[in-house]
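One structure is given here, and the rest of the page talks about it.
Chain lettering (A, B and C) follows the sequence in which the chains are written, and residue indices restart at 1 in each chain.
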Amino acid sequence: MTTPQNHAVSGAEITLDNVVKRYAGQRTSAVDSLSLTIPAGEIVMFIGPSGCGKTTSLKMINRLIEPTSGSISINGEDIRTKSQDELRRRIGYVIQGGSLFPHMTVARNIAIVPKLLGWDKKRIATRVDELLDLVGLDPARYRDRYPRELSGGQQQRVGVARGLAADPPVILMDEPFGAVDPITRQRLQDELLSIQRELHKTIVMVTHDIDEAIKLGDRVLILQDGAKVAQYDTPEAILAAPANDFVDDFVGSGSALKQLTLARVSDLEFTRRSTAKVGESSTEAIARAEQAGDAAVVVLDARNRPVAWRFLRQLRRHDTIQEGDWESLVTLDERATLNDALDTMLTSGHGGAIVCDGRDQYLGVVDFDSVTGHMRAVEQEAAVHQEAAARHNAVEDDGLTAPEASV
Amino acid sequence: MVWQFIEDRRHQLLYDGFQHVYLVVLAVVLAAVIAILLAMFATRVPRIGGAVAGVATSNVLNMLTAIGLTIPGLALVGLLMPLTGIGATTALICVCFYAVLPILRNAIVGLVGVDAALLESARGMGMGELAVMFRIRLPLAWPVIIAGIRVSLQMSMGIAAIAAYALGPGLGKDIFTGLGELGGANALNYALVATVGVVILALILDFLLVLLGRLTTSKGIRA
Amino acid sequence: MSTTTPTSPTVPKTPDAPEADRAGARPRLRLRDRVEAETIGLLLVLPVLVVVVFLGYVWWRQTADLDSIERSALAWPAIREQIVHHIELTVVSSVIVVAVAVPLGILLTRGPARSFAPVVVGIANAGQAAPSIGLVALLAIWLGIGFWTAILALTLYGLLPVLRNTITGLDGVDPTLVEAGRGIGMSAGAVLLRIELPLALPVIMAGIRTALVLVVGTAALVTFIGAGGLGDSLVAGINLFRFKVMIASALLIALLALLVEWAGRVLELVFRPKGI
């Protein structure tokens, strides 16, 4: 999930309007009247059981599969106005394993679409290097390699770079991280998120992994057979208030726990705890702490970094606050997940964890109450959304458009 | 008119056809035995000389096969004639030589390709080396070997026709007769009937071989 | 002639290593990785073999005790002319074979024509069962003797391997790659030209090599229809009952064939796309 930024969005809005796909000789449609708006600059995950039509729906956006009826527009323009090839050159397409052409070097693979669009050599070369850098591969080393010489993770990165090559407003991804091991997959996911933070493309991704959907998606579209929309909402909303039993089952038990990978420490409310500077008088610090009702004091150094978290009895042993070791103190980065926060809280012995910002400055302390309070608030909010959406549905009966996320 | 031709020379054609088949089948059977034995030997080498020697042997044999297959049939006939004269012997050796090659190739691939784990468990159960070869390895490699024999058979039908130039037996004789009578009344008949005859016989033999293959291949590994 | 049909290349991977992921310390592709040991062996052995045996022949020719018939049968100008003619026959037929079989193979893998592919290949297969000498004879009887009949016979004989391998090669290209190509905006023609054909090339070239060897071998037979080539001196030796001539010319035919096989393998290597 990407946090909203103020940068300009370079993605385009995609609208699906009553899209149907029926194959000859089949009783049921593969895609049965799907209507959907994908907001510009967001990552939308398509997920559902095998054969539900998620990949079919994805492929209709770049016309690899033609709808039987209904229309699809990008930025308001019907995709049928251009020729298929024209359309696809303006849409990035990344599939599992990267699908790199084995007989072309990495550079040539990436350069395919820019070349098709007629860019000049110099511009292409610069762009290739730019993209390799963006996906974390040293251009000088990898430019002239062949796919065979790369690991699976590297091939996938090149695949992503190739998708981004012509700077398309829309990128379609079909289980792009499915073919690599879990560790590499996590790193690739993190890199995609950081790329998206910079670029704000509209990304539509098909996955079968609900954890991936929750981690990456700004919105998640859960589909049932026939590409029927079971729920289309932000990950938090889906986890907190599944729309029906299908979604509930699909998301799986432990969805509450899944919430913990979603929220960041910075979403929580920090509690104020007593602090003291190194070199200060112990007696004064202890007095302050007792007045506030704290059993321990966070010791800060001259640069406002926490260096120790000492109980009062420890402070009493010396006249002045002793130095501490900033490095060995376990703290939380404000961007850490709630999962990490709980882990740290359990081991700190204080029933809480110290939070620091990006420059290791002390921000505050989070404790178990902050976490449970936050989760409760999210649940309530999602329930409110669900009700509103249900009412909206009853009135219009027209398919769902994405409810506004008010976070 | 062709039918009259066939009718008239029925006996001769049948005789030549039979001879052709006899020559080829004999050659292929001999070739199969030779090739399979050679391949078995090639699989022995790793145990004696290590994996590298084994790979080297297979590679060398494959290279020799490729070279052998490159030599044109007529050239081999020309090389053999000074040694073995004209007649059936030369034809047999010639056809046999070529027939060995595809079978050898496939036999090596087949025998080497048997899962090492299976062989190990067989030895582990107390099977002697010979038993492992004949009761495990060969049967498992059999489909691949049969495929090689099929290729060999088809090739040999054509080579046998060429070897008829050295006065070998078979329908090739009739093709050359047709060639010799170019412009004559029966030239086309000879050449056509003989050629078509070879094709038909080749297809029949191939069919029989497939049948034989099915019968001799264990049900468990039949594709 | 291979008894196993080679498959189109897929992309193998070197295993993931998180540390090496950024460092990129992976060995570059070498010839040894891309090509089988057998092929490398042949590429080295064949020219040596051909050159050594040919030099042996030349030495023998100079020093041997030949009677007048033998000497005239093996006179160098005549032999050279036969060699050149033999090569001519081979090259012309091969060019026609490639010009016909490859486009036909491509056609038979596109859309509606796909259903005809097995039929066409089946007919060609049955045709291959016909003995080469029979084919040569029939065509000569039908069309008359001479160069072009020989070319037709050789071409027909060489068609099947190239056609079959073109179809197999193109069918063997990973369909996800084709889809990826279309998906990113390449036209169908561009995908055929830039992706399918290059990837199918190793298999197609193997077929062309097979055809080349088939043709050079069958070209030894066209002496029987007056089309020249090294078969001439071989048949002369047989007719004149001179063993020396028989062996010498047979040897020369074999050497030429080996040379062509080697050239075919070199071409295969040259045309193999880098990265496969």
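The working rule: contacts are C-beta pairs under 8 Å (C-beta built on N, C-alpha and C of every residue); 3 or more make two chains touch, one makes a residue touch a chain.
Because the structure is predicted, anything quoted here is derived from the model rather than measured.
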By count of C-beta pairs in contact, what is the leading chain pair? B-C
Specify the chain most distant from chain B by Cα centroid. A
Closest chain to the protein CA centroid? C
So, in whole Å, the Cα centroid of chain B is separated from that of chain C by 22
Chain-centre distance (mean CA atoms) for chain A and chain B, in whole Å, is 64
Rounded Å distance between chain A and chain C, as computed from the means of their C-alpha atoms: 55
What does chain A use to touch chain C in their complex? 62, 64, 84-93, 95-97, 99-105, 112-113, 116, 136-138, 141-142, 145-155, 162-163, 172, 180-181, 183-184, 187
Can you list the chain C residues touching chain B in their complex? 1, 3-4, 37-38, 41-42, 45-46, 49, 126, 128-135, 137-138, 140-142, 145, 213, 216-218, 220-221, 224-225, 231, 234, 237-238, 243, 246-247, 249-251, 253-254, 257-258, 260-261
Can you list the chain B residues touching chain C in their complex? 55, 59-60, 62-63, 66-67, 69-79, 81-82, 102, 105-106, 109, 147-148, 151, 154-155, 157-158, 160-162, 165, 172, 175-176, 178-179, 182, 187-188, 191-192, 194-196, 198-199, 202-203
Could you please specify the touching residues of chain C with respect to chain A in the complex? 9-18, 20-22, 24, 26-29, 176-177, 179-187, 190, 194-195, 198-199, 273-276
